[in-house]
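For reference, the structures are reproduced in the following blocks.
Okay, so chain A shows up in both of these, paired with chain B first and chain C after.
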Partner chain A sequence: MAKVGIVLLVGVILVATFAPFLATQPPQEQNLEDSNIPPAGLTYSSEEIAFVDGERQTVTNTVQGSLDHPLGTNQLGQDIYSRTLYGARTSLAVGVLGTVIALLSGVTVGLIAGFYGGRVDDGLMRFADIMLAFPALVLAIALIGLLGPRTLEIPDPFVAAGLADGMPETFTLPLTVTLVVALVNWVWFARIARGEALTVREKNYVKASRSLGASNRRLMLKHVLPNSLTPIIVLATIQVAVIILLESSLSFLGFSGTNLSWGFDINQGRDLLATSWWISTVPGLAIVLAVIGINLVGDWLRDALDPDIGGERGGM
Partner chain B sequence: MRLTRFFIRRTLQGILVIWGVVTIVFLLRFITPGSPIDFVAPIDASPELRQSLAENLGLDKPIYQQYGEYIFNLIQGDMGYSFQRGLPASEIIFRRLPATLELAIAATVVAITFSIPLGVISATRRNEPVDYVSTGFSLVGISTPNFWLGIMLILVVGVQVEFLPTSRRIIGFGGALELLVTEQNFLGLRVWLSHIILPAVTLGTYFTALIVRLTRSGMLEELGKSYVEASRAKGLPETLVTYKHVLRNTMIPIITVLGLQLGTLIGGAVITESVFDWPGLGTLVIESIRQRDWPVIQGAIIVIGLGFVVINVIVDALYAYLNPRVELE
Partner chain C sequence: MSEPILRISDLSTRFFTKSGQVNAVESLSVSIDEGEIFGIVGESGSGKSVLARSIIGLIESPGQITGGKIEYRNAPLADEFRDAHPDAVNGDYVDLRSLPEEAVRSLRGPSFSMIFQDPESSFNPTLTVGEQIAEAVEVQRRASSNPRSTKARTSSSEYSLGSYAYGAVMPNRSFVSSKSKDRAIELLQQVGIPDPEERVDEYPHEYSGGMLQRAMIAQALAGEPDILIADEPTTALDVTIQAQVLNLLREIQDETGMTVLLITHNLGVIARMCDRVGVMYAGEVVERGTLSDIFDTPVHPYTKGLLGSIPDLDTTGGRLQPIDGNVPSLMDEEMGDRCYFADRCPKAMEQCLEEPDDASVDGGTDHEVKCVLAQTEYDESQALGDSHFGGGDT
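Now for the complex of A and B:
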């Protein structure tokens, strides 16, 4: 199963990186004449009442899907295939960046708390409890809804180099979303790092090197951190999946600030389920495949690196 | 005695956590760009009108005074008046609360009913087809965003088959029960059930999948222990070994994780409600954030935090009950 996971994960990374080459048309390009076309190989018929020469008639419209739009188009005539490719960028960027920020801040706090113990530990861990007491999604919605969705425009290197003309020149990173998902997830890293620091600091080799005059900083970076890496890596993998799900929920609710995201596209098709079901279905499948890939890799890492790690999945 | 001390201690801790939540929620208003007055006053309001509105809502006072008054009122159950609806925020919130509670409980019932048997079967018949199906299901379950699952259920069950209603909550459980008792009428209960099935399955799937995974891996670990062999050797029937001994020992870590995942359940409820137009706290929070209706936002988040703390204490007590070795500290 690990192989399936790696294939899926590598696939998502490749798609996200090379989206400008793989896309058949710019993801934002609208073409109202081509709206609501079904995926290739499918036909969709609808009946509507029209007035022809002043007479009421029922007209049957049949739309045939074709390879021009392999996964169909949405109500704005945007190509769903191209949008799904670009959506991978948003998910992966927020997932990885959010996890890295959460990891760095969480591990720092956790190491300090566990290593110094006492008041520092109590204070930091009570604060962590308050963070845990809070449903992450509710907190994230509140923060983003109130702070407003800031975004960061990052130039696309392929387009800048003239390799993919016509594709969007910049990639929109939902900045508030990234920071907020990190803010609601750092606690899990802090808890693990603290636990590890607590056990490691009592080990004899740490005491020995302390008595040789090693500074606290050196002890933490040289001894405690390397020993905590395994569970942190496993948690980080799982957190990428959790954050991708969180990001898609936020953009589904319209809080993300970018309109190139799987969650956003799912929301677009919501009112058209009875007719153009593919608008919501395709990006959802993309999320499921990406997250399954990451979860499989996470399971495999956990079994391979450390069979003793207890506790399944961090929180979302 | 031990239990009383534990509860006092946990209640004090809970109060501390709630105080932290209240403070953060209160400060949120001051780091938010734009004044709440912008959302209350008409666009062409004169500075005088804006000033008198601010005075009316108590927004012109210094921050520490507003904070003190807010806490003071909160202790008395007063969350202020909604900026938009002219009703007490607490009234709006508590009118919405039952819908969310019903949804969360129904989802938990769905999750527990399906997950534990599935996890047990999966572990006892390891590497048989039924195990593959169950592991596959649980992998997909924890990887599917619940709003999309909800939409797919609406698409398949609601739109194509037209089997179940896909939105709103016509009648509450309380109302349905009342109808049953006073008029011996089952219609209310049937309508309630038909409306809650899809949202409950949507919200419950992630937890079903999560518990299946936990039960399976926990059972496998326990089954390898020597007490299992000993029980079998002394002739205990396999069912008794599995359910009485192994499952009970497996439940302990499961309950811990579930306690930690409650936030996910509540967060999931918010988004499930918005998919199914369910009139609960979640849709209320989202509406209020869009309208910058501060008293309602603050109140709703505090109520959610409070519920979370209360459930956590219950989970801890349950944990101690199942595992007497646990120190109630």
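Now for the complex of A and C:
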């Protein structure tokens, strides 16, 4: 299973990186004449009532999918294939960046709480518990309301180098969403890091190092942190998937600040689910595959890094 | 005789646990002379390790040093703190308990260092042995580059938070300067590790137990400490390696003239290594004196009992004579003002229900005993029956 996970994950990463080359047309380009075209190989017929020469008739419209739009188009005639490729960029960027921010802040808090213990521990961890008491999505929406939907335009290096003409020149990173998903998820890192720090600080090598005059900062960063990393790495992997889901939920609800996102696309096709089902289904499948891939890799990492299992049951 | 380098008086260390207060070290007084090997011997649970950790300031919650002084003779240090902390300084002596935590920390390494019982768990598995020794070298280097300033010993721009974070992310980045690494190789050589240039880059799991113990001694020596505390340094090793490690300690002590506080439950190790000995029982030093005072003319019945329970090759066939009973519980409510050994003592008398004072044997020497027998003869008519201790189940 780990192989499947790695293939999926590497696939998502490659797609996100090389989206300008893989896309058939700019993801934002609208073409209202080509709206609601089904994926290649499928035909879609709709009956509508029209008045031809003053008579009421039932006209059957048949639209044929073609390789021009391999996964069809949406209501605005945008190419779903290209939009899904670019959506991978948003999901992955928010997922990874959000996890990194959550990890850095959570591990810092957890390490300090676990290492010093006592009142410091109580104070920090009770605050973390309070954060946990809020439902993640509600907290995220409240925070976005507070901060406003800021975005960051990052120039696309491929386009800037003239390798992919016609594609969007910048990539829109939803800053607020990235920050908010990190704020919602840092608690998990704090808890894990604290638990590990509590165990590791009792180890003899920490005491030995202290008896040689090492400072608390040195003990934390050189001895406690490196020996606490394993579960933190595993958690980080899983959190990328959790954050991708959270980002999709937020952009589905329209809070993302970018309109190139899987969740946003799902929302666009929501009203047309009965007729043009592919508009929502394609980005939905993309989310499923990305999350499954990351989770499988996370499971494998957990087994591989667990000395009790020895990495053999990981399937690699 | 010169002034002792370490003077511990009335030291009490207590642990405040959920089930009650444990008096692990109880008004303990002992002086250690410069350049000697002082042995502390006692059963498990007699408070030997707690004493060691109290000296170096590593007692952690729920433990706490509740009273007494740990005075360390160091004239420059005394001058440094004379104005800022007048109550901590007494002549050339500095009371470690009254110094600020930062100052005490700066003494760990250059003044005190410690060898632990279990070498395998005393090394960080994620760092090379060399790096961990070099870490201790760096502490010492910073101390000697500016010996007057406590601040210089404890903080340095070379080791900014950024470089720590970088090192945590980039595991292969060496933290230590090549100078410290060279010194680490030298130290490994000094403790008899073969091929130190190669071994310095190996991880702890690539070392054997005996080699790790040597490496730990190297680490402790890195700071060129005045006082080396060795807490059961040979317990985890097999007998031949034990002998090697003890020889090594002895050689290094001869070379450097540092003071060693050797803590062990093994009387053989004491006999072989030490100049003076303190016998610990229930958190107190019950008898102290030179090696021959303790081994040839012991006074305290507990010391006699310990010596009596060593197997003797000359008198075969007889049974060993263990000391009856167990070390008493050190829970506060069960300890009273009496001799804690009385209920196991074959020569307990009615006077033993009061706490005995330290008394000098033969007056004038430093052979001291915490027992009434130091001054009085055993009188059978005043012997205590078992009934005094609530049923004679011991």
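One rule holds in what follows: the second predicted complex is superposed on the first by the 304 of 316 C-alpha atoms of A that agree within 3 Å, B and C clash if a C-alpha of one lies under 4 Å from a C-alpha of the other, contacts with A are read in each partner's own complex, and residues count from 1 in each chain.
Note that a contact is a pair of C-beta atoms (placed from the backbone, for glycine too) under 8 Å apart; a residue touches a chain by one contact, two chains touch by 3 or more.
Owing to the predicted nature of the structure, the values given are computational and were not obtained by experimental measurement.
**Q** Both complexes share chain A, so when I overlay them there, do chain B and chain C fit or clash?
**A** The answer is fit.
**Q** After the superposition on A, what does A:Ala164 contact: first (chain B), second (chain C), both or neither?
**A** After superposition on chain A, A:Ala164 lies in contact with neither partner.
**Q** Once chain A of both complexes is superposed, is A:Arg210 in touch with chain B (first), chain C (second), both, or neither?
**A** second
**Q** Considering only the touch criterion stated at the top, classify A:Val187 as touching first (chain B), second (chain C), both, or neither.
**A** After superposition on chain A, A:Val187 lies in contact with neither partner.
**Q** Would you check which partner chain A:Ala197 touches, where first means chain B only, second means chain C only, and both and neither mean what they say?
**A** neither
**Q** In the superposed arrangement, which partner chain does A:Pro226 touch: chain B (first), chain C (second), both, or neither?
**A** After superposition on chain A, A:Pro226 lies in contact with chain C alone.
**Q** Can A:Val177 be said to touch chain B (first), chain C (second), both, or neither?
**A** Neither partner.
**Q** State whether A:Val138 touches chain B only (first), chain C only (second), both chains, or neither.
**A** first
**Q** Which partner does A:Ala88 reach: the first (chain B), the second (chain C), both, or neither?
**A** Touch partners of A:Ala88: none, neither chain B nor chain C.
**Q** Quick one: name whichever of chain B and chain C touches more residues of chain A.
**A** B
**Q** Quick check on the superposed pair: does A:Gly118 touch chain B, chain C, both, or neither? Answer first, second, both or neither.
**A** A:Gly118 contacts chain C only, not chain B.
**Q** Taking the superposed arrangement, what is the smallest distance in Å from a C-alpha atom of chain B to one of chain C?
**A** Least C-alpha distance: 13 Å.
**Q** Looking at the complex, which residues from chain C come into contact with chain A?
**A** 56, 58, 61, 105-110, 112-114, 116, 118, 121-127, 132, 135-136, 139, 143, 153-155, 159, 161, 164-165, 167-168, 171, 175, 216, 219-220, 222-223
**Q** Tell me, which parts of chain A touch chain B in their complex?
**A** Per the touch definition, chain A meets chain B at residues 126-127, 129-130, 132-138, 141-143, 145-148, 241, 245, 248-249, 252-253, 263, 266, 269-270, 273-274, 277, 280-281, 284, 287-288, 291-292, 295-296, 310-313, 315-316.
**Q** Spell out the part of chain A that touches chain C in their complex, as residue ranges.
**A** It comes out as residues 117-118, 203-215, 217-218, 221-223, 225-227.
**Q** Enumerate the contact residues on chain B facing chain A in the complex.
**A** Of all residues in chain B, those touching chain A are 13, 16-17, 20-21, 24-25, 28, 31-33, 139-140, 142-145, 147-148, 151-152, 154-155, 159, 210, 213-214, 217, 253, 256-257, 260-264, 266-268, 270-271, 274, 282, 285-286, 289-290, 292, 297, 301, 304-305, 308-309, 312.
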